[in-house]
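The structures come next, written out as structure tokens.
The two complexes that follow have subunit A in common; it is paired with subunit B in the first and with subunit C in the second.
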Partner chain A sequence: MKIRVERDGLADAVAWVARSLPSRPPVPVLGGVMLDAGSSDGDGGDSLTVSGFDYEVSATVGVPATVADGGKALVSGRLLADITKALPNHPVEIAVDGSRMTITCGSAKFSLPTMPVEDYPALPNMPQLAGELAGEIFGEAVAQVAVAAGKDDTLPMLTGVRLEIGEGKLTLVATDRFRLAMREFAWEPNETLSETAVLVPAKTLADAAKTLGGAGNKVELSLAANDGLLGLSGNGRRTTTRLLDADFPKYRQLLPSEHSAAAIIEVDSLVQAIKRVSLVAERGTQVRLEFVDGGLRLSAGGDDEGSAEEELPVEYTGEPVTIAFNPTYLLEGVHAVRTPKAHLSFTTPSRPALLKPVDDDGGVAPGYLYLLMPVRLPG
Partner chain B sequence: MGRSANLPRGLVERFVARDGRWPDDTGCPMLHVDMDAFYAAVEIRERPELRHKPVVVGGVGNRGVVSSANYIAREFGVRSAMPTAHARRLAPHAVFLPPSFGLYQETSRGVMAIFRDISPLVEPLSLDEAFIDVSGALRRMNATSGAIAALIRTQVEEAYGITCSVGVAPTKFLAKLASGMCKPDGFMVVPKVAVLDFLHPLPVSALWGVGKRTAEQLDRVGLETVGDIAATPLPRLRKVLGVALAEHLHALAQGHDDRPVVPESKEKSIGAEETFEVDHFDRDLLKRELLRLSERSASQLRAKGLRSRTVSIKVRFSDFSTITRSRTLRVPTDLTHEVYATSCSLLDDHVPEGAVRLIGVRLEQLVEDESGEQLMFDAPERGWREAEQAADQARSKFGLGAIRPASLLGAQPRRSGATEPKPDR
Partner chain C sequence: MRLVIARCQVDYVGRLTAHLPMANRLLLIKADGSVSIHSDDRAFKPLNWMSPPCWLIEDPGMWIVQNKAGEKLIITLEEVMHDSKHELGREPGLVKDGVEADLQKLLAEHVHTLGEGWSLVRREFPTPIGPVDLMCRDHAGASVAVEIKRRGDIDGVEQLTRYLELLNRDPLLAPVRGVFAAQQIKPQARTLAEDRGIRCVVLDYDELRGIESDEFRLF
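== the complex of A and B ==
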């Protein structure tokens, strides 16, 4: 293999592929990045393909290159990512001779050991196309929902985002038992696709949605639910991930059908106030929200660690009430509504509270909800 | 008992209280109270016939060590922490007793309660010694610190039949030094105006932080007394001892020690462990043991109004190799079943199969439970917490066996005889 490639394109491609590699691969080859020159088939001139696969997640991206000699080579992904990131802004020459790869860029020169290509697993084929999504919408929806996914591997069913493909709409939902986020939007899947629901690892989905869903891009969603595989492609990049084989909790019954109190709050001033008062809240202890007619008083802390309070004007309907939340969970929810104002409704201080976006006319905007369990105050 | 017992007493004789009179105690709010030969004294109280005999309390087995010896036994050279076998050679006619910790704990609790009646600022250092800051009590009791010290000595002896020694001084360090130098059954005041007169003639080993090695280092540069240290410029002392120790000793030698009395040092962790009579391989049995230990430690947590953020388990194998593994929870807990579930999953995920001789559960990163409880979607509003609190109450009334997890029932020793219905067969 002997090729010449632009530094920026190469560095971006390698960085993206290396991100999905395991930090401690069970066997060294699974921590590798595959460079494949000249054998890409009809992909429109991309003649270097960079890919990675660890049996869970695969990532593939094409980079324009001038190929003198085609061929494949496998090298350590971390190392190659570190090197390409640090290269000066000059064209990069990559050559493989025997078991060494030489990278030359300007006056910098690296020589890396390669790993045997034969030992590398074949990347899964892209499953059947399920439909196309507008990149921005998909990217935003995933970000709004993945924030509520669990990070604790001991409860695998909570580390995923559930994708429900229904008639004319796509629903995304995630929960870590403390909060639940759900986004729904209209979507026309391919006719061949029947209604189904799958559970996708949240971290992988969030990473992919961020990088694939650039402005004006289409993202293609493909699915082989029976084989437990989901594919996403767009922006010249393709990724596949194994689906989680676990039962998502029955969540519809959690969604409250009514509320006895509701407030419309300006998001920016609420965010600033939460950040300020929670400075005295030791290690994620609660902020208290005290709603009275026309006003909201936030407070946190106590006599021992110091206390803080701040008042905000809000439109509030309902009896005066004090409800407390973990400040991080509350902030993440308030951020996730993505409108200048948010609608917060609840029944009692020990039942879930509901955050929803507010449209320009001051009404509740459909399509998104963030359900948050309060903190029960002592005594 | 401390090193101060070995210090030259002649130098400080004039500070000892005698015939109900003691030196000026103005500005001396710190008391250090130390029971005299505590374990031995409690044993003698229970068996007065031993009063005039040498008594040694300690491990009586092959590898036992002396925990406590009365002053008669000490005349033969018996000291705490000495192997019991050695003590037997020194004082073959002494009475050797195994320790009865329950009795000592009970006495200690009573003695500490006497202190707390006088001032809330009581800092126990162990079962048999404590610092008391009496500055708040002086006005309320219309007494001087010396009078309070005398009162404590009388009350402890009348209520518990044991004696104690009290040091009264402007600082903790001096109070502790003083109580050690007036033992046994003594009482010494270090007047605020005479602090340096008291301190400076003493050898350097009197200073808290000077062990054998440091004393040698100081001796090499000609510093023998506390006064020598006080007179040495700090930069020179730093060269000999290093920055931290030099500054610490220099301050002490000037009589400076601003440590306050901290009541009830906050607990850092709570745990329980069990060494098996025989090694066990059986995972089900190990898990039942984890349940028992989880319950023991979680109920302590609940009793103290604490929650724990980190659960850790410890497993020692037959070859004494030991592993500890811990997991930090999203939400601090005081629930037995959560502690148990976490410790089981730690066992499953991180502990290889093998012959286990000891297993333990420890709860760390404790927080006050007034920090509020993050609620969960799937937990009923009244659930495990209420059930376990109810069980705690039943146990406090009817004993530990009143309510327990069903899986632990079989492991209980069975009673025999008529009270147990015989199975039909």
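== the complex of A and C ==
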């Protein structure tokens, strides 16, 4: 293999592929990045394909390159990513001679050992196309929902985002038992696709949606529910991930149907206030929200440590009430509504509260909700 | 165990030099030959010490503790306020709170936490190289060996791997899958276990004991 490639394109491609590689690969080749020059079938003129696969997640991206001599090579992904990121802004020449890969860029030169290409697993094929989505909508929806997914894998079903493909709409849901985020939007899936629901690892989906869903891009969603595989492609990048084989909790019954109190709060000032008062809430214990007519008093801390309070004007309807939340969860929810104002509704301090976006007319905007369980008030 | 309370100065001469100025201190001379100098703080940690094997040479007003590397602890005694010796007898050893055994018992009672429809065959299921913590059958009736640890590290995975290898030689049991259950599992251990097809399960001790956390939860 002997190729010449632009530094920026190469660095981006390798960094994107390497981010999904395992940090502790059980077999060294799985920590590798495959460079394949000249054997792609010329779709869009990409002549270098960079790919990675660890049996869970695969990632493939094409980079335009001048190929003098085609071939494949497998090198350590992390090392290659570090190297390409640090290269000066000059064309990069990559050559493989025997078992070593030489990378020359300007006056910098690297030589890396290659790993045997034969030992590398075959990447899964992209499953059947399920439909197209606007990149920014998909990216935003995934980010809004994935925030509520569980981080520890004691309960595997909580580490996923559930994708429900229904008639004319797509629903994304995630929950970690303390909060639940759900986003619904209109979507026309491929005709051949029947209604279905799958559970996708949240971290992988969030990463993929962020990097594939650039402005103006289309993201293609493809699905092989029977083989447990989800594919996403866009922006010249393709990724597949294994689906989680677990039952998602029956969440519809958790959504409260009514509320007795509601407030419309300006997101920016609320975020600032939560951040300030929660400085005294040790390790994110709780921030208390005291709603009275026309005002909201936030407070945190207690007599032992420091305490803080701050007042905000809010539009509030209902009886005065004090309700407490985990400040991190509350902040993440307030951020996730993505509108300048948020609608917070609840019944009692021990029942879940609901955060929803507010549209320009001051009404509740449909499509998104963030259900948040309060924390126990002291005493 | 010999306890000496004395006003002393201690100088250590060895790979480095350290000096403790004249003050009142507790000197412990243990049956293993070790000498440690304690002040009236810092719990278990001495100001200076010499680990066995070492020898105490007592001269009037000056003790020298020396080990075979030639390192010396020179204790200059100004006044000895207390000097007593006690026979402590045999040490029964530190008994940990038995969490591991407790976990085994609890998990045996709640096998369904490992999977819906699972049942317990027996605790301490014998293998030629020692008993495996739990032997279960999954919903389909296949054998599953469970190794329970408080902290799951590589050694535990290796141990379970050995059990599995031997259990799988038994045609009545094979194929036997493995589950590595622990309160916390080190990332290296998880990688190794999953590479060997062993499922990792993080156990919540409090939840197994039925002490549900009193946090509000959605479900």
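Definition applied: the second predicted complex is superposed on the first by the 379 of 379 C-alpha atoms of A that agree within 3 Å, B and C clash if a C-alpha of one lies under 4 Å from a C-alpha of the other, contacts with A are read in each partner's own complex, and residues count from 1 in each chain.
In this text, a residue touches a chain if its C-beta (ideal position, glycine included) is under 8 Å from a C-beta of that chain, and two chains touch if they have at least 3 such contacts.
Note that the structure is predicted; figures quoted are calculated from it, not measured.
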Superposition on subunit A - do subunit B and subunit C clash or fit: clash
Partner chain(s) touched by A:V67 [first = subunit B, second = subunit C, both, neither]: neither
Contacts of A:A365 with subunit B and subunit C, given as first, second, both or neither: neither
Touched partner set for A:P249, first subunit B, second subunit C, both or neither: both
Touched partner set for A:R24, first subunit B, second subunit C, both or neither: second
Partner chain(s) touched by A:T154 [first = subunit B, second = subunit C, both, neither]: both
Subunit B versus subunit C as contact partner of A:L377, first or second or both or neither: first
Touched partner set for A:R177, first subunit B, second subunit C, both or neither: both
Contacts of A:Q286 with subunit B and subunit C, given as first, second, both or neither: first
Touched partner set for A:P352, first subunit B, second subunit C, both or neither: both
Superposition clash, subunit C against subunit B - the stretch among 21-29, 57-65 or 165-173 that is involved: 21-29
Residues of subunit A at both interfaces, subunit B in one complex, subunit C in the other: 152, 154, 175, 177-178, 180, 249, 254, 350, 352, 371, 373-376
Subunit C residues within the subunit A interface of the complex: 187-188, 191-192, 194-195, 202, 204, 214-219
Subunit B contact footprint on subunit A (complex, rising order): 152, 154, 175-178, 180, 249, 254, 282-283, 285-286, 302, 324, 326, 350, 352, 371, 373-379
Contacting residues of subunit A [partner subunit C, same complex]: 22, 24, 26-27, 152-154, 175, 177-180, 249, 254, 350, 352, 371, 373-376
In the complex with subunit A, residue positions of subunit B that touch it: 327, 330-331, 345, 367, 369-378, 381
